[in-house]
Amino acid sequence: MQKAKAIELEIAVVDGVELNGTWNRMFEPRVISEYDLSVLEEITNIPGAESLGYCYQCGKCTAVCPVDSVGDYSPRKIFRRTQLGISLLDSPDLWLCTTCRNCLRVCPKEVNMIDIMPAVREQAVLEGKAPAELLTAFENTARYGNPIGESARKRADWTKTAGVPVPVMSQKKAPVDVLWFVECYPAYHPRGKEASAALARIFAALGVDFGILGTEEKCAGDSQRMAGERGLFEMLAEHNIKMLSKYRFNEIVVTDPHAYNAFLHEYPKLGGEWPVRHYTQFLAEKLAGVNFVKGIKKRITFHDPCYLGRHNGEYEAPRSLLRALPDVELVEMGHCKQTSYCCGGGGGGMWLDGFTRDYASERLSERRVKEAVEYGAEILAVSCPYEVPRFEDAVKSTGHDGQIQVMDIAELMAYCMGLNEGLAIS
Amino acid sequence: MGPILIVTESTASGITDSTKECVGKAKELAKVLGTSTVALGFGPGAVDRLRRLDVNKVIAAEDGEFAVYNPAVCENALVQVVAETAPFLTMIPNTTMGLDLGAGLAGRNNIPLIAYCSDLQEQDGKITAVSQVFAGKLLARVPVPGDGAIVTVLPGSWPTGEETGDPVVETISGDYSSRMRVIRVIEPEKGDVDITKADILVSVGRGIESPDNLPLADELAEAMGGVVSCSRPVVDAGWLPKARQVGKSGQTVKPKLYLACGISGAPEHLQGMRDADLIIAVNTDEEASIMEAAHFGTTVDMLDLMPALAERLRGG
Amino acid sequence: MRVAVLLKAVPDLVEELVLDEESGSLQYDEMSYVPSEWDDQALEEALILKEESGAQVTAIAVSTGDVDTMLFTALAKGADHVVKITGDFDASMSNWQQARVLSDYVREQDFDMVLSGVQAIDDVDGQIPGLVAGFLNWPHASVVTEVRMGGDSKVLLRQEYSGGLVAEIEVESPVVIGVQAARKPPRYASVAKVRQVAKSVAIEEVSAGAPAGPAFADIQFVRPVAAGRAEMIEGDVDAVADRIVQILADHNLLRRA
Amino acid sequence: MANTDTVLIVGAGPGGMEAARTVAELGKKVLLVEAQAEIGGTPYASYATLTPDLQETEAAMGHIVRGIRHNPSIDLRVNTRVVKSEGDIGAFHVTLENPDATQTVVEVGAVVIATGFQHFDPGRETQMYGYYEYDDVITLVDAEAMFKQGKIIRPSTGQAPDSVAFIQCVGSRDRQIGNKYCSKVCCGIASKQSIEIKRMLPNAKVFIFYIDMRMYGFWEDQIYWKAQEEYKVNYVRGIVTEVIRRGGKLLIKGEDTTMGRPVEVLMDLVILSVGMEPSKGTVQMSKIFSVPREEHGFLQTVGGPLDTVSTPVPGIFVAGAAAGPKDIEDTVSMGGAAAAKAVGALNRLALEV
């Protein structure tokens, strides 16, 4: 039996007396006495959010929603709560979606959370209703060009650890074949920097003619867009397009699937149109010329990044790289490729861990690590910079330290090419 | 040269340490500069509290308006005392009172102000004030002008002076009234823990291993006069409430001491505590990234160190 | 009720402060500037007052550099009016001089209340509101965490002292308040909104002459002894514990009896 | 002696008319008998628009009705009833009661029965929806009558309703009232009507309370999705079981089964989606022509899903809702099929003779 839930107000004033916490405990009304349709109307009137009103309650989304697997959330439920007059603008539901696109994959009515979420969140941000930690990420991005709040001037500092020259376009003063758009976590996060250094060494070994924007680069901004800050996204995009337009190159290679998504679908709308590939796609084509000098005798599984896989249909390139690594046994998790589950970092989730915690029984990254362990993987390979820190954290918090390692594909590849001696594969 | 004026501050337990530090320093400077020291005290019982201060003169304002600290009333009195005594230096602890009175006096009497002062150094009869600027990232060495200045002094800048003096005591009274009125003073609620307000944090991470070990941290914190905080895994495990969490998704803290026990120092954690004045890290892994942020580090087992440290601090 | 909020841009400490180690002078050109965090708190408290009591909020900044975005952001957050005081000013302008210029402007206007951040990290005097209050000869309280309207043009404040003590203060306006923290975290102005405001609203510009006032000659800046990587304490548990007690003593962190 | 030239068609609704046209086109004579004064059947008489395309009934069916009247091969007799039948295939001697109450015996070779359905009476037995108590509880048919006037109102006040609830499955899918079957069209009609209401009253809140939405084929997106997506009609899973008056409104009670919570909501107008039952005519024809009724009370056919129009009696065929709940598409298709089979039977007979 499902019981009515108790609700507590932070402060309730009864006859002029402030009652807080359990003293004002009440029970949620059991009987639905009104369908306040103005709320559904308000939400579906937001441009982009129309399709929320299309839901016919089949429940297919609930079954594949990773967030529902750790909480009480799915697009179907959102529609019903909204139909009952609970405003999505005020509900924690609004911030739980990681825009992983698994619901849209199965939705018969094309209720499109990928459009709904940024649209409604934008409204909530305007009304000052977004969680504080998300706003901090926005503010950092606006101020420093990265959500972490690191110095904009230090964006290229990681290159010092690469051990190979990493040309910065403003100094190189010559056209390049590949403009490598590095992105924030690969430029600043300690583990991201290690993967960037590995990728730089691979590029050097393969003789790739490349350059980076260095301090002229700012966050691509796609996750900020999905999290409701379209204005910020546009500001960043305008900046990056302006910087990229200064230089001559044949294509952009990105480390981050979120940036890939932005360059593929959003930047062209703002006048920035270049051929773009994810680094796994770029390297997959160069595999024939790669000289592997050692192997990894491990079972490796691959976590599909939502924005590379479901959003943009690339499942094969990262796998072809992993399969090429000597001695590796590639195993697939139950949720893989189209049905892969999210790491929890997308759509702003990267900056909402504190908020999400209160509405989830565990983190999505923990679920995923458990799944990787369940399928016998000793290495969880990733190709999205959000994931190394998220999964490494989850490995520790789920007590699997020493049992499974989290590695970027670039790190593994560099290792087998003899370019990553420091990598400890245990 | 005018005297050195110390604006004293007291709490329920008497004159504050910070005041005593100013008194000690003032005496030292007065001696080399060949001037005297004057202490100004507010509130009922000021005469009794200041009677033993090691200064040449005490001025006490005890009357009704001074019953509780009122920034505007005290400022009015201070303005008058400064006009009458023409001090070379006016030293005020850099507390709420110092922030109230120092700048107000500076503006009203057109005297330069050096705030967040952590030292006053004398050389050849010239005084240089050291002021913490840019949140302590830089120190400004400020030559005190010949006409003198107001300095508000950070607590903990010097050793406390002794209370062995026999000053001349003067009381003042007059109309210091203001449009400002203190309605009441509220004591802090007991039992509430706000880790952002604590000066000393004993912060525990995954290295605490089990909730059964938390009393070790509690006892150490109590012995140090601090509070227990933690990193995210401890909150995630449900061992401590969310309010105790330091880091990106928890609180940002700037204590005087951050004793990090068994915390590896993920960037998300460092973000919440890297501005602490003093960081001591206890972690069996010498390579842990917390060691990059810490001033001091040790690789002994935190579970052994915590009781050993607590015992010494209680004993002392 | 007309409320003035004084805003200041201060060097962003996320970026390295560049120092000429020889002369001990700061390289102001190398700095990037952000709104002072305490001023943000002051603005938030003013906006809360506006929502509660319909106060008119004017945000004011001295043009020592690019302060436009800061002022547009204040508008986007809900300020009614923004003023930029222009003159022959630059980033090295002292707090004292800024406070002079600001108090001259405030004196001519009919403000009931001036709010500003209790601290400004970039100067040795560290505090704009106290100086402004002194110049205006208005009552002033610092370290304030709450500002409300009382009756009869009275203002109610909460001032914090160390040890968690809080005083409730009533003051007849006009008054200057140094805000430590607003009742709520400062609100966020979305980039879209700031950009839209910047396109549609003009900043009022008021010119002022260069202020005179005490200036410190020859301030030298030095870096505190760098922490860098932790100094490792060697030895067994007892040796380490002894050393830590000594470190605490050196830092005045031992509990006093 | 066999009559192989004439087919008797009983009932001039969509099924009967299509059967008549087809028989005529196939070169036989038609005797089309209709008990009412007007032809066109229930949709033409009662419905303002058709499901699923929302065409106005007059525009959609008027030319068919006129075509029937002017077709020289069709002998149309209105206000005329079949009261008796004797004989077999090729020689049915059927007694007609004329408008003046006189009787005529005609000889026909085959018969198509297209006597249709009647709407369920929502006042019956366990159905406690207050249809006869409250003016503002109406049926789909009542609503259509209003649509024909170009408006939708609360009968109690004459004012436009702010909130309208459709209650589905009234008289259908209920063992206790003896109708175990789904009436097939009500979900579509309710959806169609909800669109019409929203077109007339864009600000009205319209709800459809349902057990399952039964939208066959193209009706899914043509009416259901259209109603939900374009017209913001609210579909709530869970059926309403009680309607009582509260103040000037109707309090409907049910369960919102998706939320697992009871519903007690005030409505201005409640529309009962009444289902289909065999019409009186259908029951009478069963007796007159000795065509057995299947277990739900409709005329029995013999071919299961593979022959929808042949009855157990040779030479007697059925079209439309006389054989069970049918939408217009099914009815018209059956009319054509029944006509073809009837003509075919007569042709075979002629060859044998």
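We just call them A, B, C and D in the order they show up, numbering each chain from 1.
Just so we're on the same page, a residue touches a chain if its C-beta (ideal position, glycine included) is under 8 Å from a C-beta of that chain, and two chains touch if they have at least 3 such contacts.
All values derive from a computational prediction rather than experimental measurement.
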Problem set entry | Centre-most chain [mean C-alpha coordinates] | A
For this session: If we define chain centres by averaging CA atoms, which chain lands farthest from chain D? Would you check?
Result: B
Exercise. Using mean CA coordinates as chain centres, what's the chain A-chain D distance in Å?
Worked result: 55
Problem set entry | Whole-Å gap separating chain B and chain C, where each centre is the average of the chain's CA atoms | 20
Exercise. Centre to centre, by mean C-alpha position, how many angstrom separate chain A and chain C?
Worked result: 36
Exercise. Cα centroid separation between chain B and chain D, in whole Å?
Worked result: 89
Exercise. Where does chain A touch two or more other chains at once, residue-wise?
Worked result: 149
Exercise. Can you name every chain pair that touches?
Worked result: A-B, A-C, A-D, B-C
Exercise. Which residues of chain B touch chain A in their complex?
Worked result: 206, 233, 236, 242, 248-250, 266-267, 271, 289
Problem set entry | Touching residues on chain A, where the partner in the complex is chain D | 2, 30-35, 37, 40-41, 44, 53-54, 56-57, 80, 83-84, 109
For this session: Spell out the residues on chain C that touch chain B in their complex, using ranges where they run on.
Result: 11, 13, 17, 19, 24, 26, 96, 99, 103, 118-119, 121-127, 129-137, 139-143, 156, 159-172, 175, 178, 213-224, 227, 229-233, 236-238, 240-242, 244-245, 247-248, 251-256
Exercise. Can you list the chain A residues touching chain C in their complex?
Worked result: 122, 125-126, 128, 130, 132, 135, 138-139, 142-144, 149-153, 229-232, 234-235
Exercise. Along chain A, where are the residues that touch chain B in the complex?
Worked result: 133, 148-149, 189-190, 353-355, 357, 389, 393, 396-397
